[in-house]
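Two complexes come next, and they have one chain in common, subunit A, joined by subunit B in the first and subunit C in the second.
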Partner chain A sequence: MREEPQILQRADFGALFTALQSRGFTVVGPTVVDQAIVYEELDSVEDLPIGWTDEQDAGRYRLRRRDDEALFGYVVGPQSWKQFFHPPHVKLFGASRDREGALRFESSNEETPRFAFLGARSCELHGMAIQDRVFLGSGYVDSEYAGRRENSFTIAVNCGQAGGTCFCTSMNTGPKVDAGIPHDLALTEILDEERHYFVVTVGSEAGRELLSELPTVPAAGPETRAADELVAKTAREMGRTMNPKGVKELLYQNLEHPRWEELADRCLTCANCTMVCPTCFCTTVEDVTDLTGENAERWRRWDSCFTIDFSYLHGGSVRQSAKSRYRQWLTHKFATWQDQFGSSGCVGCGRCITWCPVGIDVTEEIAAIREEP
Partner chain B sequence: MKGEGKSKQKLAVWKFASCDGCQLSLLDCEDEILAVSEAIEIANFPEATRRVLPGPYDLSLVEGSITSQHDAERIRQVRAESEYLITIGACATAGGIQALRNYRDVREMASVVYASPQYLDTLETSTAISDHVPVDFELRGCPVNKQQLLEVILAFLHRRKPNIATHSVCVECKLRGNVCVMTAHGTPCLGPVTQAGCGAICPAYDRGCYGCFGPMETPNTAALTAQWKAMGVSDPDILRAYRSFNGYAEAFKTEAEKHE
Partner chain C sequence: MMPEVHQNPLTNRESEAPMLPEAWRVVANDWENHDTFTLQLERDSGGPFAFLPGQFNMLYGFGRGESAISISGADEESGTLYHTIRRVGTVTRALSELNPGDTVGLRGPFGSAWPVERLFGRDLVFIAGGIGLAPLRPAIRYALAHRERYGNIVILIGARSPEDVVFPAEIDQWSGTEGVETRVSVDRATPDWKRNVGVVTNLIAKADFDPSNSAAMICGPEIMMRYAILELNKRGMDDAGIFLTMERNMKCAVGFCGHCQLGPEFICRDGPVFRYDHFKHWFSQREL
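The block that comes next holds the complex of A and B.
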């Protein structure tokens, strides 16, 4: 049993892939595609965004070269891990009619891979914990989600730098991976003048078992101190801040604040913010039939409170105006979520700010609502 | 239920001013079309066969816009003979690329192009079918997406609501896992104001959306234009972006006019 932090040399990083793959895991993690860092299946350490970083601001993301060969020298990209637990499209079931006219149902029974998530950040672990409460926490367990989530293995990374739209310190979700947040292993990447290594800590029994197979040595005092100092530096570099104090009451008391009207002028109601948000979970279902009408399938796909159909009830859609749709998103994330699931729906990852095509910034909007109208 | 057993549904495809691309989308699904011809009787399909069966028709699919007096009368006849009428494609739903003429003097253009323009019977404008007769459903796209076309036909056969989303292309773009070209590359994209349907093809190939499926349900073109301007796009380029295949669709038309 190894409780104390271990050191894994960069040169030995491939052993981590080997250990995961030999256990039957499909490794998914960050890689460069179309000038951004996305999450995909990885074969080896070479697939990681070695020597890349990102610059982020409201409505803007740019990939840049680093002057070192860091493996995790960037923050979060347009995608989140939710696409693996809660995929954009899922077939829920099929139904067919036999000769006597009776309906037969078949569940989709798709085999889900066992994923190992490499490079999840602290805010992302908090995002997963929030989605766990949504999909598993109530009396109604989402079996699709549960199946994918149960078998996964998570290797977290402590952030060595903050992004231009990050505000996890405000939301108390990072940048350090706390022992209390579910994960299997956590890495801190250190590059100094001579060395390139990872300080590895254990987050679970499965993590401990896997670590015992890696060529590591116990970390010395200066090494763990370097790791702590790096994360502390990241915490001081947040690109954004948000005062979370009383935000629920603030929003509830300001449902008619003039700021919502201004937002309606700027917001495209394009739904990008909800698509990229690691905690947004909304879906719609679509039934498809074949030509004979004897076979049908029910599919579930991501939806968003920004679409008109989302609030469609008999007679029409409840949220017609852009104002009401933007207000739904912001108040759900920061206020009603607390009543519904017992925490904020925002983990401060900054994705909705970066990937909003017109750069609408939730931290700025909440600050504006805090000001007297 | 209709579409079952002996009572085949009678389907007619009609062509007005168009390039035939939308009819080709229907022809393009060869396998499916064989199946379609078992459930329905094709009473008219100019791209596939010369045979025309007399009306009435259960479903008419109409491609193309109205550009002549003769066609303006013909579409009334089609409507009168059709229980359901569905328009397909940018020409039929918005006037098409040929609606560019709506901003010019048609007679002058005709005199430049044709040796004997006096024989032409042409209207001043190219307009959508719904400007002339009531339409039951409009399927967007330049051309239409063949899966969506099949979906609309299937929905009609089984008398259910077609699964045709009217939200932005951005939603499809994210479902597909594309990297946003607007935010990550600085490429102007019409996706946020354009209706889904293509599956976000252009952003998947590093291009901005061209607006082939026309305005989405609640297009905020002014906000998108403000962002394009901040990215350095000029007024003439903004005008050209909006005034294309769907340039005569209301939201795109009014946005384009602001940049004349």
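The block that comes next holds the complex of A and C.
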């Protein structure tokens, strides 16, 4: 999908909202809520976190004012887009029982929403591609996920800065949105002394169609160079690094490493890391009945391997200790995931580090195991 | 060369709604012993239901939830499916209370299968602990129905006490079949018990099979399977000739919920039947 990059002026950015909304999309993107940048439905460009940035470190997240009016001048917040494809709570089916005791099952027939995602970062696109392999590419197809994915339109943003816990360059998932990773349009935001504009590239046929409606002009050499240089600068500024080489074998051979015990002394098994992770996909089910007792529903909701119940088998849970539950999460993310789905489960977004209440840093833990295998 | 386990041939179907159960009617619900019962089910819509020995279904008790239950047999003529279930929790209790004419939800079949029809010409050793005989029974029945295509057939069954033995009448029938060595052992005997006493794995040393040309299929508690493998190894049986079936918490059976992971394996999708040499690294790890 090669095409000349285009320039969209900041002053014309509203046209993007209009074009998406006129196509029936609900625009979802970053906005400031309760001192964090979260993903919510947006009405207009004014809802974006204009002039805000974030500071992140292990167990720490703060918003700060920027000295400019950038629309995308921050990295990633506590939420990933997975909540829109793989909702935290989904009805699987309804069941009713008639007088003879016969059951009838009905699938949930809610209309699939049409979301346009504005501002997805490269690591997040890789996160979506990883969940695609879980829900679409390994045998059975999750129809809820498939429908939502199919209906979506994605406008990616190349990162103009790296966060304190970012390590996408280590995981080979960013910061530049590569042509090979599914998206419809990609933006690079440029602010210089006089101008504020976006270099727009096309990632799909749908993206090309939408772009043709926007008031753009072809980008000139200096403008595309400015965009390339900005992303290259971001790549040099990663707050964290990790050596992913041989990490699968490393973890497979270190299931009894003393570091796991030491980690368990710090880990609260609160499950924050699994909730903020853009690829964690585990769920549990809930059964409910109404007051008549003749109608029941089965719901699916997000679950976490950090809970005791997660591994419950008649008689008790398989993973009783915090050590075993942390080991399960980390080993799954970085090692067994590769055998299951052909890639790492980590995209280097750094959320699990930032949102860990005790500041556990996966890059540090893997380095520690690597140091004394 | 030892064959691999059967992967579920239906795994790659693009089911529209793999989480939506289908209605099956209870034909009979009979107690096998004090805590184990067998549900006979008939598909409401009629129609064939293909499965392989060792595969399981998800059975839904109205408003209570689902349980992963192995298929313990089928009546090909009537299409009736058998599920033999131990009452251990909320869902299995609800299933135990069903009467003929009631409906359950059923999804399946799921998982890998015992490669029985890839083992022609070999001696077969079946080792079951307690309710572990249920997922082995379709494989045993298959082997007995094709008796002439195998060498010796050894069936070793363990239970806590005589009253915990499931399918006693059928076991008697197997015992009477020529060229089939059937032994039952209980941990705690009663005065009228005439068979073996002790752990089932004690029976392996003396069983009549040729370790260099045989395959073992094991289902039971993990500790029992561990000792069974040790005994089989002692007899000279290779890890590649040993097949076992695993159990873990399952919510979806299609690889979406993540609960049943054990190392890189999704027990629901890659298992529950594994060839031991492929699974060895993960099998004996504590709390994995």
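Methods note: the second predicted complex is superposed on the first by the 370 of 373 C-alpha atoms of A that agree within 3 Å, B and C clash if a C-alpha of one lies under 4 Å from a C-alpha of the other, contacts with A are read in each partner's own complex, and residues count from 1 in each chain.
By definition in this document, contacts are C-beta pairs under 8 Å (C-beta built on N, C-alpha and C of every residue); 3 or more make two chains touch, one makes a residue touch a chain.
Keep in mind it's a predicted model, so treat the numbers as computed, not measured.
Colleague: Could you tell me if A:220 is touching subunit B, subunit C, both of them or neither one (first, second, both, neither)?
Modeller: Once the two structures are laid over each other on A, A:220 reaches no partner at all.
Colleague: Is A:232 contacted by the first partner subunit B, the second partner subunit C, both or neither?
Modeller: neither
Colleague: First (subunit B), second (subunit C), both or neither: which does A:271 touch?
Modeller: first
Colleague: For A:103 in the superposed arrangement: first (subunit B), second (subunit C), both or neither?
Modeller: Only subunit C is touched by A:103; subunit B is not.
Colleague: Which partner does A:89 reach: the first (subunit B), the second (subunit C), both, or neither?
Modeller: Touch status of A:89: first partner only.
Colleague: One more residue to check, A:11. First (subunit B), second (subunit C), both or neither?
Modeller: After superposition on chain A, A:11 lies in contact with neither partner.
Colleague: Look at A:78 in the shared chain and tell me whether it touches subunit B only, subunit C only, both, or neither; answer first, second, both or neither.
Modeller: A:78: touches subunit B, not subunit C.
Colleague: Applying the touch criterion given at the start, work out whether A:62 contacts subunit B, subunit C, both or neither, answering first, second, both or neither.
Modeller: first
Colleague: Examine A:311 and indicate which partner it touches, taking first as subunit B and second as subunit C; both and neither are also allowed.
Modeller: second
Colleague: Can you pull the subunit A residues that subunit B and subunit C both touch?
Modeller: In subunit A, residues 287-289, 293 are touched by subunit B and also by subunit C.
Colleague: Where on subunit C is subunit A touching in the complex?
Modeller: Residues 11-23, 25, 44, 60, 62-66, 88-89, 99, 101-105, 247-249, 251-252, 254-259, 261, 263-264, 266, 269, 281, 285-288 of subunit C touch subunit A in their complex.
Colleague: Give every residue of subunit A touching subunit B within the complex, in rising order.
Modeller: These residues of subunit A touch subunit B: 33-36, 38, 59-63, 78-79, 83, 88-89, 265-272, 275-276, 286-293, 301-302, 304, 306-309, 322, 354-359.
Colleague: If we count contacts the way the header does, which residues on subunit B are in touch with subunit A in the complex?
Modeller: Touching subunit A from subunit B are residues 1, 3-4, 32, 35-36, 38-39, 151, 154, 157-158, 160, 163, 165-168, 170-171, 174-180, 182-186, 189, 191-193, 206, 217-218, 220, 222-224, 226-227.
Colleague: Please output the residues of subunit A touching subunit C within their complex, sorted ascending.
Modeller: 92-93, 95, 97, 100-105, 107, 134-135, 138-143, 252, 255, 281-285, 287-289, 293, 296, 298, 300, 303, 305, 310-315, 318-321, 323-324, 328, 332, 335-336, 339-340
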